[in-house]
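Presented below are the structures under discussion, each in the form of structure tokens.
Next come two complexes built around subunit A: one with subunit B, the other with subunit C.
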Partner chain A sequence: MSEVPQLEDYKFGFHDDVESLYTTGKGISEDIIKEISAYKKEPQWMLDYRLKAYQHFEQRPMPEWGANLSEINFDEITYYRQSSGKPERSWDEVPEKIKETFERIGIPEAERKYLAGAGAQYESEVVYHNMKKEYEKLGIVFMDTDTALKDYPELFKEHFGTVVPPTDNKLAALNAAVWSGGTFIYVPKNVKVEVPLQMYFRINDEAMGQFERTLIIVDEGASVNYVEGCTAPTFSSSSLHAATVEIIVKKDAYCRYTTIQNWSDNVYNLVTKRATVAAGGTMEWVDGNLGAKTTMKYPSVYLNGRGARGTMLSVAMAGEGQNQDTGAKMIHNAPNTSSSIISKSIAKDGGEVNYRGQVTFSKKATGSMSHIECDTIIMDEKSKSDTIPFNEIHNGSVSLEHEAKVSKISEEQLYYLMSRGLTEQEATEMIVMGFVEPFSKELPMEYAVELNRLIAYEMEGSVG
Partner chain B sequence: MSVLEIKGLHVSVEGKEILKGVDLVLKTGEVHAVMGPNGTGKSTLSAAVMGHPSYTVTQGEILLDGENVLEMEVDERARAGLFLAVQYPSEIAGITNAEFMRAAINARRDDEDKMPVMQFIRKLDEKLALLDMPEEMAERYLNEGFSGGEKKRNEILQLMMIEPTFAILDEIDSGLDIDALQVVAKGVNAMRGEGFGAMIITHYQRLLNYIVPDVVHIMMGGKIALTGGPELAQRLEKEGYKGISEELGLQIEAAEG
Partner chain C sequence: MKLNKQTTVLDDLTAFSKHKNEPDWMLQLRMQALSKIEALPLPNIERVQFDRWPLLEAEQAFQAMSADDLEGVSFQIDEKSEQAAVIQFGQHTVIEKLPESYRQQGVIFTDIFTALKDYPDLVKEAYMQLAVQPDEDCLTAFHAAFMNSGVFLYVPKDVHLTEPLEAHFFQNSRIKEPFVKHVLIYADTNSSFSYVEKFETLFHEPNTANCIIEVVAKPGAEVKFSAVDQLGENTTAYFNRRGHLMHHAHVDWALGVMNNGNVIADFDADLVEEGAHSEIKAIAISMGRQIQAIDTRVTNIGRHSIGHILQHGVVREQATLTFNGIGHILKGASGADAQQESRVLMLSDKARGDVNPILLIDEHDVTAGHAASAGRVDPEEMYYLMSRGISKEEAERLVIRGFLGSVIKAVPLKGVREELIETIERKLIE
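Moving on, here comes the complex of A and B:
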């Protein structure tokens, strides 16, 4: 079949010269953590929390069971940087240079059409924040995490760190020590947020670590759908993104958390995402990993109340030099809980995609069930994929199904589409889009469009 | 007027020669039927014209208005005006029928000249109605879970949406009941005209009661053994391939393909 021209430049590989208002410089130490906390004018408990987490980070070895992380040099990373003085209340007040960058990723459009309220994180601080008035009236809190610590100290302290403790893993400890920015959402009892809440953010400086911290509390009977998408410019040396997301879904509440990450191919994307769900509640992760050099991310749901439900729907795509090590954890700690994991992966140009998952049924999980489905397309001989499920069953009356399928793009399908006039490139793209359709149909429309554009872009040059 | 010329075509599959010198000239405005017993190379002819990767042309030429088709990729042949309705269409999950047809139509058009959505929908509704297909067929995934009959109708729907210069219909009648056969024939007849030529490959004369061909070819042993008018198909129905082969002094070779 014909050769398709190679085109592998990173689409959002531009780099704006935004001057930082304040930075701690490279490296991490107790002094730097004290400096960050003092600069943010945080309460003493938060500084203590950070310092304790830092101690754990220092003692904890790097995880060695997954992707290769040996190239990360913690001394070469900038842990705090602020690019604008304070969160902005209106779009007009956002600095021109930053606006221009956002415009190139398409924020204003998304804003106009779908946003109910949005904060856009640029480097380590939220520079733009907007919230529809009617939501404020309903008591919904949607703001950057730093502001939430100041404005809602009790609500914050009650929940912060209760889902992902600093001792969970080395990267979670690092995040707890140096966290900055992120999203805070509180939805009061029985309030249903109809329109998705959205946030874009991006890393914009070389060797810049981004350690955002997200905390979402969905009170009893409430519901929310939060969407984040991110893109980053290309740089020569590796960047680190070590975020923590904590979600508390209370009784009969519902939360969906949608992410599409498209970090440039030098970023280590090491994220701890976890939710706890009380009786009758539902947590849904929708997680797309297209970019980054290395991703290690296993969104988890702790099903702690009777009848709680957790789902994970994910897409991972790995090209040359990329390793997407992703999966999910479903921990069934109560009777009649259910979970579903659907993982779709694509490996091309020597990329590596692995599914690594854990499903645990505790002694109390009588009558619970889990369904796992892993589908992979491997585009060429150089690429790799592995499925590594880990199941732990401590109760006899549970049900667990696992299906895994690895395939190539079939020559018959390609021939059929090409015989209708599509080029090999277009035909391949179409087959791949069809493959990820169960994922893309769950996205808000503009994200589905963006995902299709990204996939089309990623598929260029991968045919031949 | 356009012309599809097949000259002295020899085709092999996995090293085995199936076509042994086929000559055929199809012009727009004409419908040709290619008939013949099983395993005589009818489907091989259609696959070779479209450019299926498993079929190797070892000798001969295929020309479309003088252009060498054999030098074109499959998609280039399609965009040059060729269309093949296949016996076993592929299923593509996640892509709707409508989405696919729109992509196929637009693949033939320049960037500035893509078919507007409303125009596409009007055309689609019109063709769906003509083929007696429910509207939801357009929103189902391409051939996925379609019955045999639905797949055949869907091939004709694509034909009518894409409007190629030349269509080859490979056993489009196999497995169809009489109602479906009539619907398929209605679709093909609606395409007939100055700017369209078709080659209908079939075992049975039955389809030709509904789509009356201008020319009938009988293929045997990898060659066109006999060419005539519609009356040839009638004769075949009475005498069978055996009678005709005896008259021509030919052996019917039992072969696959």
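Moving on, here comes the complex of A and C:
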């Protein structure tokens, strides 16, 4: 039996000493929101929007379902910290220390090799953003959200907050009040980007709050493939990541949004992700949750136009002290829409992994269908898992199929593999890899390799 | 609840208990429950709004029985049959029949108040002690306080009965009177028997029904439990059927939920000890504008316990049917198995169906799974039947029969199977 990995083994748990250029310090108030907005030189409407959202945040109680959030202390969090001047277009311009961080994570190299564009956010602000010339020529906009507010004020105002209103939930209200950074993408009509655009999020400091805001607009007939990753150093006090992602998929457009979440295990990851899809459009979420102390995230798709399609493919893995409370929502609001949810969960070393889902067929969803599959492996006696799917049908002409399984690693499979000369460790790893394969095969190759490496690492010491 | 006349209610309750010669512990249980109703919440049944349903109307729960009640109604049983039967109308026990051979073996099958008088200790051991607790929520408390009729069935150790025992409960809706029915089934160690119960409403006065049915199965006991619920359209009902299963006890449930009014139902099996095994099979039809919401829960507490749920339902017109299936495996229940299958067939564009298959797993060495589906009648199946010259209505009936039939054929008692099929036919023609 190998050693149980120590916290320090988290590959991205390092912390760099980076002086901040500007910070609002700990805590949140109307004055701090005004300060952030003024520092960003925002238009009045955005300040008003933030303040209104803050009021809602103050009034709204913490969610009482799902994971335990009682240890979050909103007064101990730093809501805004800037570490470099402006988003640079060349890595050479990025401050040395920060550049080093991303070098260690491997972002510049990945960008050179296989990305159409890449961005990197450090604490509250985006430090680097660049897209290859050939894609820029197609009229694609790929930039940080703050710059988009300045450069594309009309397009921005038309869509911002239309998919996730600040009143949606307490954390979405907080994000609307203090948002900073994030990605803005606009893909013009009929433009298709096959190569992924990537954004990388890094929290570096202790008790930091990261509140990025992402807005993606895929115009009619266009397509985009967006990938995000995230890491943070390991500290004893918790950081908070409360992002909001809004995606608008227009008629016949396509969007795939891939996340590999690998926050360190002191991060509360409470994210609101939602897409609306018009007639003939497709939204695909590919969502991997490996890190964080606590995740609450249920990406949703509102299928609003005839024939719209939504899919969710997810993997969640919870180890010691972790609670991955994730799931998906598919809301069928138009005829002949379809959705599929495939969720794979693994709980080990006392981890808790829960699936929570909602599939709704409204009265208008005639001829629609949905397929849902939730599978869970519980690795040991300390771990647990709940599967809580709600399927609500208001229309007689639809079809819904739902299946779920919870089990331990199959002894027969283990025995079979071990009889072929594999060690128990190798056999277990192989079974888990096979279990998550429907997910990993959808990832860009480099990510699949990384995912497999991460899972192999997580599985170390899990046999005993 | 209108408790502004709290003292009057308390007086009525005390008078009723005295009149029935209840043991003191029963009066205490009633009074304690009464004092808690207001503070307790409604039970949680996922995705169903019933907080405005008239489920807490206690007025006239204890009105004096009158001989007039029975005017114009008559009940008969086959005198020659060797079957044990109890028939109740409102608060009256109209017929009680127990074959002499059963009596000699120590079987008790009688009115709950008679049982409280004649076998107080036996009733006390199990009445709202093991399966359902009076203070779980305001509906169980309401029940404990206002229980106004019911039966007690006791089958002693090692007694095996071949013929099913049958209870037929008619709600008296000629008058305003809450129907607060308690069935307590106590299956002693290694006993085995079948029990069938039927719920029906006579007349049309809008009323509340609060029925709690407890099955306490001691080690090795085997109970086959069947029910056909057909309360009337003006009855708003709460059903709670719960099994408490000890070592290697085995309880199979076959439940036909065919009421005509709004209903919330909680069907639970608590597998408290090693090897306990419960199979819950339910079919339901919702039609018109009615709402029927069914929570079916199996809780695996004992090691190697087995809980399976199979439920099929049909929704017509603007009705609603909700199936919440809950498989809960507690820590320590290693080797447990929780499986469920819930399917809803939607027959109208305006119907609403919910299938929420929930798994709560706190133990790793287990198997658990669920399958759920909702959808319309398969158009290919319909087309096939219609191409054989069968009318659309008839074809639809055949498909429904087949859909519900897959559960019915698993029901162990032939009589119950026939009864269910008959009820379905009647409902589909309406």
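What we mean here is this: the second predicted complex is superposed on the first by the 453 of 464 C-alpha atoms of A that agree within 3 Å, B and C clash if a C-alpha of one lies under 4 Å from a C-alpha of the other, contacts with A are read in each partner's own complex, and residues count from 1 in each chain.
By our rule, a contact is a pair of C-beta atoms (placed from the backbone, for glycine too) under 8 Å apart; a residue touches a chain by one contact, two chains touch by 3 or more.
Since the model is a prediction, treat every value here as computed from it, not as a measurement.
*Asks:* Considering only the touch criterion stated at the top, classify A:353 as touching first (subunit B), second (subunit C), both, or neither.
*Replies:* Touch status of A:353: no partner.
*Asks:* So in the superposed three-chain picture, is A:286 touching just subunit B, just subunit C, both, or none of them (first/second/both/neither)?
*Replies:* Touch status of A:286: no partner.
*Asks:* Counting only touches as set out at the top, which of subunit B and subunit C does A:424 meet: first, second, both, neither?
*Replies:* A:424 contacts subunit B only, not subunit C.
*Asks:* Tell me the contact category for A:173 with respect to subunit B and subunit C: first, second, both or neither.
*Replies:* A:173 contacts neither subunit B nor subunit C.
*Asks:* Applying the document's definition of touch, where does A:416 land relative to subunit B and subunit C: first, second, both, or neither?
*Replies:* first
*Asks:* I'd like to know which partner A:308 touches here: subunit B for first, subunit C for second, both or neither.
*Replies:* neither
*Asks:* Does subunit C touch more residues of subunit A than subunit B does, or is it the other way round?
*Replies:* So, of the two partners, C touches more residues of subunit A.
*Asks:* So subunit A touches subunit B in one structure and subunit C in the other; where do those two contact lists coincide?
*Replies:* none
*Asks:* Residue numbers of subunit C touching subunit A in their complex, please.
*Replies:* 46-47, 315, 331, 334, 344, 346-376
*Asks:* Please output the residues of subunit B touching subunit A within their complex, sorted ascending.
*Replies:* So the residues of subunit B in touch with subunit A come to 50-53, 73-75, 77-79, 83-84, 86, 89-90, 92-95, 100, 103-104, 107-108, 141-142, 158, 162.
*Asks:* So in the complex, which bits of subunit A are touching subunit C?
*Replies:* Against subunit C, the touching part of subunit A is residues 347, 363, 366, 376, 378-381, 383-408.
*Asks:* Which stretch or stretches of subunit A touch subunit B in the complex?
*Replies:* Of all residues in subunit A, those touching subunit B are 1-2, 410-413, 415-424, 426-427, 430-431, 433-438.
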